[in-house]
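Please find one structure pasted underneath; my questions will follow.
For clarity, chains are labelled A, B and C in written order, and residue numbers in each chain start from 1.
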């Protein structure tokens, strides 16, 4: 539970708000690059600001204010020029700094100093990132999933009709999987009459997730170098199969969460970009990597897609994981009133996630850089977990991965692809081909080894 | 004409408003039971409150506040359990009293006392009724149409975009039929080019209704045991065919009106449930009864439907009676400004209907029960008109009903089914079969009798 | 740039506003007559007032307040009677003066004096004009395009979601054609892959318009008898082909602009009727006249159409001239904030257009009639340009029109019909037939003359 004031502090993102100022210290993804190949000019709304993103005829990118200085025409209808974007009404031309560098039919430029606001942008891993804060801009960090080699990628985009923090809190909530992706999933398939078809196998994730509710000893959470680590410890005496610990997805401050290990056949960054106080630009950055000795199929650029959230009759589609998350986020209201909530022990990580957010806001208020703002280049590849991921890069990955035999790759063959947004993705066929190649290589290497079960005292990443 | 204040008093229905408090003394229909067979959880808006109605796996019904206590998730997306409804996010379970009886993954229930608001519900005649007022709840009255035996039923549901009182005043308005269901109907069919096809016969209701405007001597209205009686007296010297009286539909306080006699082959309760100040949940509860000696076709449960009000181009559909009423209700505005109206003699019953409503509000304000609040069981079947309907239960119903030979049942065979919402109903084929059986029995009983005309001095129910 | 107050003064049109009072001195077109043949009753919103326009069964027109006096029913659902319009609820009948001349079923009319507001209307050239101002109404001027003989006509109607002045300023803006109808048009066709197909010829208007941006010496503008004249003078030394002047479309105060010469094979009045502060009822009144000695195809009445502005996916259609204009109008915002604009030399005519508007508002404030309010009949045909158009009425029009050989008529044969709203018009086939007849006559008259080019020092109307 927060006070009304604290709730405002953590959720509002407009210019001058505490959280808005924090967010303005980061490079923020605003669009897949592939969208600019379809239409080189598009409206962007981020942190409560209306902007126009464009790619000019030389390939230069710009992100500028959305109203021409002349007669205030919306520049989303602008015409890309060799270098900059022109207003469609009288051709005034703006460069990437927002400077009006040409006013056709006007006499001279002498003394014309007005400019549009403009923000730096750059491309990384098929996403365009913008920086809306005070200059100089920090270095854009190359989180490993954006640059990991030998992989297939695709980008799922959704606009979620609620405040960003509801999405991000989901990440600090290890137990929601039991219900939102377990029991709810089962109920949805039951009502559709698809439970037997989709989840007959007892190792389907909906069944395993349901079991994660049994034998919980306690929740844990702590800050890490780049974000936040949390999970659940289980006790056999409380009903778990063995005493063990499950680590939940890796949180990278301020709005990322990573599921799946870097380098594995499926991993994903979920990015919760605040469009404004009540809308979130949600990105699933999906990476399907090939292990040592296997070649990922070739891909020209990173395609994007929008997983549908509603069917033709306007009813929510709920039989895949992202949609289940989106449902509960939006179902909390446009900005959920945290002064009315009633938290329990399972919300401990959420409490700490909010505290971390509050602390980083305070750093900005104190004139300091918050975490993950890099003034020097932190290197060619940053691991959000703080650990070099070597599981799948090892030459004998197949033997080392036995432990994960219930993970995505196995489940993929049992239909997991149809259990998340991936099923709508344009790269799905390439991903299937990748998995075929991995299986082939695995069979060649493995011999007669068999899948392991969870050992007492183990620490499992989920 | 009312003052602005009086208009507020009679129309607003939120908690704490005069009319809202009156309404909270009644059992209020909130959904057809059949809808819960399609989806056991649904959002309900009634008297300005957002609630969630559910049927759990044991068949128990509940109507509870719409926000989970934990993190405020909208419970309309909840999962029915054996006994109660679970939040889809973390599985908190609420029973029909709103008590949170399980918080999975939390340690214990010790000291957890918070509960959602919850209201009693019960099913009657295929409708679910809720009681939102102070406890103890009164007895749910069994108005005869809900329990009449040997009948086919169906329920038409529409959300009408205006205040409930505009719908209910229509009931206190015997003369609107002349225009809204007479001249307007004719004009609509003319414009469609369907007048000859649909209403060639001079005994089509649109023609008879048009004639009801001729020879009006005066309007009358008075309170009855359960509601309100009103109608028109006609004088031959003013242009009527004979001196006679026509009684208009039976009003049952606070929001029912009955057309057609109980026990007849077609009768209907129209129920105008205030959803909030500017929306009405409108129910046509349609009953098609078999007379003595005839068996109504069997029906499994009471089906529901939504009569369409607009065509695919968004234009109002106006060639059936309910749609004509709905048009004029909404066309008065969201809450019509009664301080600007100009009433005439034909509005006398409306004035008295408002007065009755005001008086019953005053009773509640004085701490008394208003009319039709039953603290003791009023018996297995209540007749809203106050009169036992015996016309069609008599063994020689066919002879007694000659008088009604121009009524609905005859007109039904001439296409009246296509003149009202019935034409869209899922039970239409059963109703046609019922009418076929009635006709067969009637022919066997009647011999050579012929239809009567209206006798001078007669009192006719319409 | 205007102050915020000046912007309000020129844009707001409700009752009692400065510009609204000015507008109330004019006959204002509110609907094509042809729409009343489809449905004789329709809602009209003009100058912020909601009204109902009807044609009764005797053909009489009326424009009255939209709420029945009795119970405030929206009269757009009314029933036309022999003489007047009846409310659909209880049949109250209103004549064209708004007087309630019949209250069926009420006793008498004695003492019933209430009336609806009502405005005079009349038909001219297939349009219905209304006068909302103080009586007596002035004479409805017969601008030549409304009454020109021997012509085909059609009326394009659009509701534009912005203030009327943005549309009208477009008319005082000779340079926008270079971009909005030149470069933007080209870019749109390029993106569609239709540039080669649609505009391969270098004399396609998009190419000629693009060139009009070269060699501009200065803009000019001045008031005329009926409105406003403006254009561009070009200098060879600045890059134009020759020194010359191009006069832009003829402005007729307060909200008309004429493109194409009266009597020519294509001319058009664009009429920007203020519906309210943020919506414009936009009319393209299109006239295709036959020259001397040619018969225009026969037409029964003037048909109307609505050129589509969006495709089935909701994306703007931009490959025709009217849609390009509409895009930039709306893209300036609902009411553009002129206190933030940055005008240049090319905006000189706009500045004068605003000044003229302001001056005419001041005349009304001073109790005087503004321009184009006629208290005496100004004659059977008024030429908005102030000049009798004789180009095409001359017996040797073909030789005289050589100069215009790059104009619309020629371009029409090269596909210009598909470059503007005309392509959607119901009279398109008649227009094509007219052009075929003109070409036939021209070929017979011309002999071996060849098209001229622009002569140095020429004044060209565009």
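Basically, a contact is a pair of C-beta atoms (placed from the backbone, for glycine too) under 8 Å apart; a residue touches a chain by one contact, two chains touch by 3 or more.
Model, not experiment: these values are computed from the prediction.
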item: Copies chain A and chain C touch via same or different residues, half shared test; value: different
item: Angle (degrees, nearest 5) of the CA superposition of chain A onto chain B; value: 120
item: Whole-Å gap separating chain A and chain C, where each centre is the average of the chain's CA atoms; value: 51
item: Shared interface positions of chain C, touching two or more other chains; value: none
item: Of chain C, residues touching chain B in the complex; value: 39, 67, 69-74, 76-77, 79, 86-91, 103-107, 114
item: Complex contact set, residues of chain A against chain B; value: 175-176, 178-180, 183-184, 187, 191, 213, 216, 316, 324, 327-328, 331-333, 336-337, 340-347
